[in-house]
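Multiple structures follow.
One chain, subunit A, links the two complexes that follow: it is found with subunit B in the first and with subunit C in the second.
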Partner chain A sequence: MSKCIIDGREVEFTPGQNLIEVAKKAGIDIPFFCYHPGLSVVAQCRMCAVEIEKMPKLQTACSTVAAEGMVVKTKSPRTAQNQKAVMEFLLINHPLDCPICDKSGECDLQDNSYRHGDLYSRYTEERRTYLDLDMGPVIQKNMNRCIHCTRCIRFGDEIAGIREMVALQRGNNTQISTVDGRALETDYAGNYADICPTGSLTVKDFRFKKRVWFLKKTSTVCEGCSRGCNMEIHQDANVIYRCIPRENMQINKYWLCDEGRFNFQYVNDENRVVAPMVNHSVSDWGLSIDQAKKVLMGKKIAVLVGSDLTQEEGSHLLEFLPKHFPGSPIFHFGTPGLNTAEKDGDADRILKRKSKTSNLHGLEKLGFQGFDKMPKEINAVLVIRGGRAILPDLKGLVAVGLGVFMAPQVEEFSVILPGTSFAEKDGTIVNYEGQAQRIRRAILPPGQCKGLSEVLMMWVNSKSSSGAA
Partner chain B sequence: MGTKILSKKFYNEMIQLEPRYPTKVALLLPALHAAQDEFGWLSPEVMEEIGSYIGIHPAQVREVASFYTMYNLRPVGKYHLKICTNVACCLRGADELVSHCEKKLGIQCGETTKDKKFTIMEEECLGACGTAPAMMLNNDYYENLDVVQLDELLENLE
Partner chain C sequence: MLIEKKKGILQELYLVEIIKGLWITMRNMLFSRKVTIQFPEERREYSERFRGAHYIKATNGVENCTACMLCPTVCPAECIHIEAGERPDKEKYPVKFEIDVLRCCFCGMCEEACPKDAIKLSNIYEMSTTYREVYDKSFLLDQRGGK
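Coming up: the complex of A and B.
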């Protein structure tokens, strides 16, 4: 292993690693703005400059690879002096509006200013000011807070594959924008806000909703498709405010697609059925289960199992269904036109997969068969799902739903037993590569919603006999 | 894309130039110049068309065009005065030239006269520090200028 010396400590590194990464491994933070491990290195902001022995000038740590025997000083007076100067420069035009800025509390500019900047500014001249720019449904831009680090431009170019965010004009007039403030085209736009080291790019959906330090974070996995991107759910008082990506170099690196990022919104949807319903009126759990059994009694039933359920839920059902619905066919469903894992594939060149549910591959491993067409003799269905599997056409069938449903989806249903979404339960899902990952409960289920195993237990213990013919 | 705004001549020129460059993106600067020669300025539609011809996002065309002051992103007058106001020229009286022009033509720097004849702009260094103060009138250089010479020049244009 090669070694270099950082702040008097011997640190090992793999050849090719830059000084920011090497130092980070040793627990030494070198402040930076324009560097991002997932993007190309441009050495533009100069914040990361450090002193290196035998080199006359400070060197930018992001663009300097560690070398055997290199002696680096990240806290020397010269380094600190540069950091102070860079901070002063970057804040020249900054409005210092942290109290009303959504980034406040998780802002690199704020943190680095606090740690390395000066308490006072010598700047008395007029600051450049711009009006906010609406960049489509996802992002709002505040140019006053921008430090021209170009991370967003590089993200568009290198990851999203579209050069829609650009630097217009030059020098003091440089403005980061789209053409005439056009809407962003990429469906990975939320990442622009994540990687912006300032409050310049903000996610509209989250603006002014919550100060970030009130948010409790739960590490989980996106249920938006069979990729299984790692993410964090941020909630306060049992309300989810946002989801952000969690680094996983094997699966999603540092990114999330917008569909996955905003998928959580259905969890808080006002249309969500959160109490047991019999023929459109709220009922109680015991009566609803009895009624479900009654309407299914004597019918030819098919069971549809959403591929948005976890492995644990799938295994429970494999035990439960053959006993209580003997002879009924069982199918998994989730994405129309995609009824086997074999048909799943990449939906774009970035992250999205064709399967719009997270656990298609897992349920198939457990032995569930895909839904194609309703067998002729069937006249009733039991639908069990999370919140994402897309319902097939169930016209003319007696239907009982168990899981997460929105009211307009289930107008025809006789009974609805409200279940839990991905954010309200623990479990395992298996992505398209066979990678098993844990999803974790971030909030409690709303209203009277119950987890699947509890509902199955109530079903078994309820007095009336089971419904199958 | 519907009908093309740029002429056949433009496209022929591009086809001739293309082999000179290692990549098609490198055609961007000459393409912007050629388009500007045709229309006098670069309208958003023209830049859109150049982008789709070269195969880059129109935002990238805008980025490059807005970086260089030689490209006009707004229509300019028949006579486009670009007066250098960088250090050397300022030391030799460029400010005076600018305010003289402004007064004479009744417009501010960056504006165009109502009859669309004159546009005045400040320029950051024309590379003519040795012969300061310098000015460009359309594509020609005028050096070692003073107010009297400038007046003569403007009179001949009117």
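Coming up: the complex of A and C.
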């Protein structure tokens, strides 16, 4: 291993690493705005400039590759002077609207201003202001807050694969905008808000909902497709406010698609069925389980298992179903027209997969069969799903549902037993590469919703005889 | 060991002591300044820094508050509840601003944290009610006539 010296400490590095990464590994923070580990290096904010011995001028740490024997000073008076000056320049045109801004609390500009900036502003002239155009349904733009780091431009170009953000004009008049002021087209627009170091690009869905310092974070995995992107659920008082990507270099790097980002919305949906329903009206658990057994009694039953269930739930069902529904065929379902793991593939060149459920590959490994079409003699179905698997057409069959259902779906079912979504349970899901990952419970189930294992126990212990013939 | 006091005839009668005691009472009753006031008719003046009932300051009829949530963040009693919203003339404003006064401990930290000089503690101290009062936004704005 090669070694260099940062702030008097000997730090090991692998050749090719830049100074920001090397310093980070040693626990030394170099402030920066335009640098992002997932994007190309442009070195235009100048915030990360550090003093290097034998070099006459300060060097930007993001664009300087560490070399053997390099002596770097990140806290020297010259470095600090530069950081203070850069902060003052950036804050010349930055409005003091942190009380309004959604970014405050997790804002790079705020943090670095606090750590490296001056307490007072010497600027008395009028600040530059812009009129803002609409940027589509995901992102809210406020150009006044922009510091021209161009992270968004590079993200669109390098990651999203669409050059839709551009810098117009030059110097003090620079304006970051979309091409011809069009709305954003990419399916990864939420990342623009994540990488923006100021509150210039924020998520519309989260706008003014909550200040970020109130949010409790739970590390979990997205259930939007079979990629299994790592993300964080942010909740307060049992309400999920947003999801943001979590770094995982093997799977999703730093990104998350909009479908996965806003997938959580059904969890708090007011249409969600949160109490057991018998014949479209609210009932209690005991009665509805008895009713479910009665409805299924003596029928030819098929069991449909949503491929959004976890491995644990899958293996519970593999023990439960053959005992209580002997001879009934068991299928997994999730995405229409995609009933085996082999048919799954990349839906785009970035993250999205064709399978719109998270655990298709895991359930297949457990031995579930894919659902193609309903066998002929079947006249009743038991549907067990999370919140994401898309229901096949049940064609007037007698149906019992267990899991997350919305009010419009109630019509199709004789009995609905409300279950838990991905945010309300712990478990393991297996992505398309066979990587098993943990999902964690972020909030408590709403209303009378119960976890699958609890419902199965109630089913086993309830007095009336088992459902199947 | 007890020391026995010798008592004369005057001490034996207690008359002088009673008169002495009565004199103190009479002196305080008749010749000293009164401490109490006739409350509803007379009112005591409190300093401007007194921490009484809350109000939201308004400038030209628009509330100063921008729903930045610093007061509920700093509030040790967790008695402030704000919901933020957007309207054409103001980017961010409080749709709901409620103070659960029964929980409030009148520490004045909200006033101190407020960057917009919006939430203030007045010197209104008559706050007794016969129900569990929650100050809502319109009450807080009207508290001082919308000023």
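The working rule: the second predicted complex is superposed on the first by the 466 of 469 C-alpha atoms of A that agree within 3 Å, B and C clash if a C-alpha of one lies under 4 Å from a C-alpha of the other, contacts with A are read in each partner's own complex, and residues count from 1 in each chain.
Just so we're on the same page, a residue touches a chain if its C-beta (ideal position, glycine included) is under 8 Å from a C-beta of that chain, and two chains touch if they have at least 3 such contacts.
Bear in mind the structure is a predicted one, so any value in this text is a computation, not a measurement.
Taken together through their common subunit A, the two structures put subunit B and subunit C side by side without a clash. Once the two complexes are laid over each other on the shared chain, residue contacts for A:Pro99 go to subunit C alone; subunit B is not touched.
Contact with subunit C, but none with subunit B, is seen for A:Phe208 once the two complexes are overlaid on the shared chain. By the touch criterion defined above, A:Thr178 reaches subunit B but does not reach subunit C.
Applying the stated contact rule after C-alpha superposition, one finds that A:Tyr114 touches neither subunit B nor subunit C.
Contacts of A:Tyr123 after superposition on the shared chain: neither subunit B nor subunit C is touched.
Contacts of A:Gln169 after superposition on the shared chain: subunit B is touched, whereas subunit C is not.
Least inter-chain distance for subunit B and subunit C in the combined superposition, rounded to the nearest angstrom, is 28, based on C-alpha atoms. Across the interface of their complex, subunit A is touched by residues 66-70, 73, 84-86, 91-92, 115-116 of subunit C.
Per the touch definition, subunit A reaches subunit B in the complex via residues 162-170, 178-180, 182. Chain contact summary for the complex, subunit B toward subunit A: residues 44, 56-60, 62-63, 66-67.
Subunit A meets subunit C in the complex at residues 97-100, 104, 207-209, 211, 213-214.
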